[in-house]
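Shared between the two complexes below is chain A, which has chain B as its partner in the first and chain C in the second.
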Partner chain A sequence: MPFNGKSGKFNAAIRTVEIGTGDKAVKLGGECVAPLYSFDAPIENAPKVGVLITDHGFENESEGIKAYYEGCSNWGEIAQRAAAMEGADFLVLKFDKADPNGENAPVEDCLAIINEVAAATDMPLVIAGCKNAEKDAEIFNKAAEALQGKNVLIFSAKEENYKGVAASAVLAYGQKVGAESSVDINLAKQLNVVISQVGVDMGNIVMNVGTATAGYGFEYVVSTLDRVKAAALGQDDAQLQMPIMTNVGDETWAVKESTASEADIPAWGPVDARGVNMEVATAMAVLASGSNAVILKHPTSVATVSKLIKELM
Partner chain B sequence: MAKFVTIGERIHCISPVIRKAMEEMNPEPILKRAKEQLDAGATYLDVNIGPAENNGEELMKWAVTTIQDAFDNVPLALDTANKKAIEAGISVYNRSKGKPIVNSADAGGRIENIDLAAANDAIVIALCSAEGIAADNDERMMHCQNMLERGMMQGMDPSDLWFDPLFLVVKGMQDKQMEVLEAIKMFSDMELNSTGGLSNNSNGMPKHIRPIMDSALVAMAMMNGLTSAIVNPCDLRLMETIKSCDIFKNNTLYADSYLEI
Partner chain C sequence: MALKGLDIFKLTPKTNCKECGSPTCMAFSMKVAQGAVDISKCPHMSSDAMAALSEATAPPMKTIKVGTGDAEYSLGGETVLYRHEKTFVSKTRYAVRVNAADVDAKMAVIDNVDYDRISERMHVEMVYVDYTGEADYAETVKKVAGKGKTIILGCTDVAAAKAALDVCAAEKPILNGATAANYAEMVEVAKAAGVVLGVCAANIDELYDTTKAIEGLGYKELVLDCTEGTIKDTFATAVKVRRAALAKNPDRTCGYPSIVNVAALTADTTEQCGLASLFTMKYGSIVVMDQMTYAEALPLFGLRQNVFTDPQKPMKVETGIYPINGADENSVCVTTVDFALTYFLVSGELERSGVPVNLVISDAGGLSVLTSWAAGKFSGNTISKFFQENVEDKVKSRKVIIPGKVAVLKGDIEAKLPGWEVIIAPNEAAQLVKFLKDMQENGEI
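Showing the complex of A and B:
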């Protein structure tokens, strides 16, 4: 009997969410197949790679990242340098310094950076906060207002602040919004439901289901991504058919493998290469499990992951 | 596993309001019932036009287009003894939200409705009885096999035959209830889809009892693998039970708001 190949294409599809405007705008999602299974049906929008910039600058970053941005004297130049990375699709601005439990930088400082960056580049922008729900709501509200017409992604609304954040970002200022949960499938779905109950069309939501670095409880991340995509595609669950964006770089550059110096652990070799390996390995694993976009820091990681994606499409 | 499929039963010519609307081809009462059922969470809507011997074709075409146009091509079950009317309905049916369901065939005089479904790439409800209620599960399963073979011989996918064990009324046939549930288990073990008029069980019971009996039965039937039922989706207790069973069966992913979606 001849072999009859059966396509694993699903009857359901992930929604397509566009961020940015003009030529540089990127489309996330849209697929009706398992992650990266372009042999089952064409994947119109390949997974995307974003570059993370934080308001701390690059003082404490690894040598390779620091070197890449050397000579940049303002946020506009930093943004242009980041945008010039081979394989970069969008930029992510993150305001760690605004955390009230840390430096508590005022919202005006965040806005100044946002305005400088927005003026210097036409790359799609993703605005991330400081992890404090209340302060994030303030930053997001001002950022969404300042960036009207740029179709940015506000990344992201959480259980504690979704009402204000989603309503301001999408309903008041026409931006896209992220829905953030921490490796919790039920909360991931619940947030999508309640955000849509605020009046936000589900086509404006990108999921941020959280991640860990490969090796650090990462199997929960994989099972979460798997279950979300299985429900979205296999069970046609409309409440989970949002594309997923994952902030990989922020996690992987904080673990020991990426920070311990070669002097401390000579057997592990150069720290910069190790950090890139951790970042690339984690990024590819979340992409293979269903993430539609990853956020990275190191130029070598950005180039490597985007090349891998290209080869797989 | 796929989510349990509810087929809303409230567009039925046995209702005086609907009968009158169908006689006059007045869309409002029908669309109102369709909306109530969809708002309550029905997936399919059953459209029963009765025997409709005179104007069945015209009436079914009108009903299909009227309801599908108003509700984003909601999938429908076409329910009448008039075969030509079913075919006419399918000829104007939009499949974008799901195949039409032919309601229904049996292993006796209505077996040709399987052929009709096969010829029109439709789903068919296959009632496991011939002349009268099956005496036992041996007879039920014989009918099931016959209808399955008939469908498959004509190229139907087995998943397009939805087997109906024929739910029986408790008041009078209480001793047969477990047998019906066992038949559902047998369909499920054969990986076949199943459906049926679940609320038959509570016929003749006080109004406030019926949702309780229907909910208990649907839970037991879903446990045994029932994949669909023809129900009144406006019965909140029943719909909440179905949604909760879908969670236990891992057919839908739990979220705190699961009853609201």
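Showing the complex of A and C:
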């Protein structure tokens, strides 16, 4: 008597959200099974992998990342190099320098980078801010306007600025918007609800429920993602059926395990190997819990994670 | 199928003798009904009642013990598929794969990774000895025995397995080698040596049928090797087996711990690390890899510690003084609670600031700043007492920075800690870098 297990296919499904245009456009979500359970039913759109580029450039990045971008003299070349990474599905531009508590780079600088990148590549674009809600709203506004027709994802509107950001990105300029909450299913749902009350169709929202690095309170991330997917698929909760995108690379490359130099802790070995494994392990764990896209930094991580996703489909 | 606590209670002696470890027969019955305790814990059940109950009340997934002494580990015994439903009870254990050719080299470095993280020892717990057809398999096994590692014999050859068990049976290894072709003989070998038997198969149907046949022979000390030809099939089998074991009507033939050999799925060590993460999340009781250097250990042990933590018990760090950025006795003190997440966030930001500080962690019950403050576990009293008893004789600086969220404590602490100046930090950890740098520039610390 062979094994006889029940299929875990659900009657509900995650919404499909498309970003980008033309051949390179990517679709997020659409599945009606638990994360990566392609054996229960085909997963319409495999999880996607994005490459993170910040306006700091690559000076402070690990050797491997720096080496990959060596020789790039402008943002257009950097974008093309990033787009050429094996397994890259989309590009993410993040404007850390714009933070008023940091360098406070003007919005015009951000726009210049955006325009250069947009002219150089036809990869789908995701525009991320600097974590300051007010400044982000300004950047997002201008970016959404400048990139009209490119169907980019504005990543992300938060509780403090969703009214302006979501309305301008989606309603005024026809882009997609991210809804950013911090590792809490109730906050995530509430933000989706209030964004849709501004008049934004739920089909234009991608969730960013936050993340942590493996080992750093990651259990909250696991349970938040698990519960969001359980509600979306198991209880057909339309307000949680948005696909999820997670910025893994930004988190994992900030912890001690990925930054401490080999000179400081010789036993730990080369920084690159540690950083890549931390990024890959965290990404796989986030995908196993339900993220529909991960944002990574290192070319080896991008290639590895996208290969493993393909193997699992 | 599932029995109610009251049904079980009717069959107990109702003497509340406490010999089962529960305070009353009723409490015991409730626990049995939940699958938390085995019915055999009650010494006074009649054998008829026992027989009737044991099948119906056995936990859906068996807890299998392997190894001896410090290297004894419990596998399985899970009752839920997701950690938020209750809690995962048996951590994933990582094994390094060795064979005749590389055993010396790998055993020489296997203990390079051995460290403590939030009161848990992190090291390679198991070694998987792969049989590669060599005549002296037992010699390879000998090199692994006696090293404080639980041994897994990856060997489908009956004679070789027998010889290997002769040298290591006392360490309670796992004999991972029963197949559809050899299971009858392997069961005899495992029974004779008193070891756990691993069931291997090419696909899930064969795995199921072989397991069923072995159960038919009366042997139930098993683990199921879910490794198949491809990553996709391996993942599917690991998930399907666990799902069937913990379904509403549990399939007890699936109710055993699993082995996933990611080293057999890809030679690339980065991919192995990604897969080890995947199978830590989804239902690998043992994950076998080619190596465990710090590059693998730091993410995987961290992930495991998080995923297998009890949601009802907060993770706590040790209390004490943690010098950061080369801080000495003259450096300023920063204090916060012992909740692991808070500690990691705050210490991370402090490190990024580059400013030497002494991070002082006192016992706040493992709660976050505001929660512990509300519960009276992080107050003027607790902080000043901890400083008087543990800090004043070790640190000369008399400045302490407290979390912005408990700014109200400033007056209280200053009153109870004469000579100390209390400085209020920002509300969020992320703002600490700028805050400390500014203070350093202004010469305030």
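Just so we're on the same page, the second predicted complex is superposed on the first by the 308 of 313 C-alpha atoms of A that agree within 3 Å, B and C clash if a C-alpha of one lies under 4 Å from a C-alpha of the other, contacts with A are read in each partner's own complex, and residues count from 1 in each chain.
The rule is short, and it goes like this: a contact is a pair of C-beta atoms (placed from the backbone, for glycine too) under 8 Å apart; a residue touches a chain by one contact, two chains touch by 3 or more.
Predicted model, so just to flag it, every value in this text is computed and none were measured.
S.K.: What is the contact status of A:L308 with respect to chain B (first) and chain C (second): first, second, both, or neither?
M.R.: second
S.K.: Between chain B (first) and chain C (second), which, if any, makes contact with A:P2: first, second, both or neither?
M.R.: second
S.K.: When the two structures are overlaid on chain A, which partner does A:A25 contact: first (chain B), second (chain C), both, or neither?
M.R.: In the superposition, A:A25 touches no partner, neither chain B nor chain C.
S.K.: Taking the superposition on A as described, I'd like to know which of chain B and chain C A:G269 touches: first, second, both or neither.
M.R.: second
S.K.: With both complexes overlaid on chain A, does A:N101 touch chain B (first), chain C (second), both or neither?
M.R.: A:N101 contacts chain C only, not chain B.
S.K.: First (chain B), second (chain C), both or neither: which does A:R227 touch?
M.R.: In the superposition, A:R227 touches chain B and chain C alike.
S.K.: I'd like to know which partner A:M278 touches here: chain B for first, chain C for second, both or neither.
M.R.: In the superposition, A:M278 contacts chain C only.
S.K.: Determine, for the superposed model, which of the two partners chain B and chain C contacts more residues of chain A.
M.R.: On the superposition, C touches more of the residues of chain A.
S.K.: Could you say whether A:Y37 touches chain B, chain C, both of them, or neither, answering first, second, both or neither?
M.R.: Only chain C; A:Y37 stays clear of chain B.
S.K.: Taking the superposition as given, does A:K256 touch the first partner, chain B, the second, chain C, both, or neither?
M.R.: Touch status of A:K256: second partner only.
S.K.: Using the superposition described at the top, list the residues of chain A that contact chain B and also contact chain C.
M.R.: Common interface on chain A, chain B vs chain C: 227.
S.K.: Spell out the part of chain C that touches chain A in their complex, as residue ranges.
M.R.: So the residues of chain C touching chain A come out as 82-84, 112, 117, 204-205, 207-209, 212, 230-232, 235-236, 239-241, 243-244, 247, 251, 254, 268, 270-271, 273-278, 280-282, 293-296, 298-303, 305-307, 309, 311, 340-341, 344-345, 348, 351-352, 430-431, 434.
S.K.: If we count contacts the way the header does, which residues on chain A are in touch with chain C in the complex?
M.R.: Spelled out, the residues of chain A in touch with chain C are 1-6, 8, 36-39, 101, 131, 213-220, 222-223, 226-227, 230, 254-257, 267-270, 273-274, 276-278, 280-285, 287-289, 300, 304-305, 307-308, 311-313.
S.K.: State the interface residues of chain A toward chain B in the complex, per the touch definition above.
M.R.: Counting only chain A, the residues touching chain B are 185-187, 189-190, 193-194, 197, 227-228, 231, 235-237, 239-240.
S.K.: Quick one: which bits of chain B touch chain A in the complex? Just the residue numbers, please.
M.R.: These residues of chain B touch chain A: 2-3, 251-257, 260-261.
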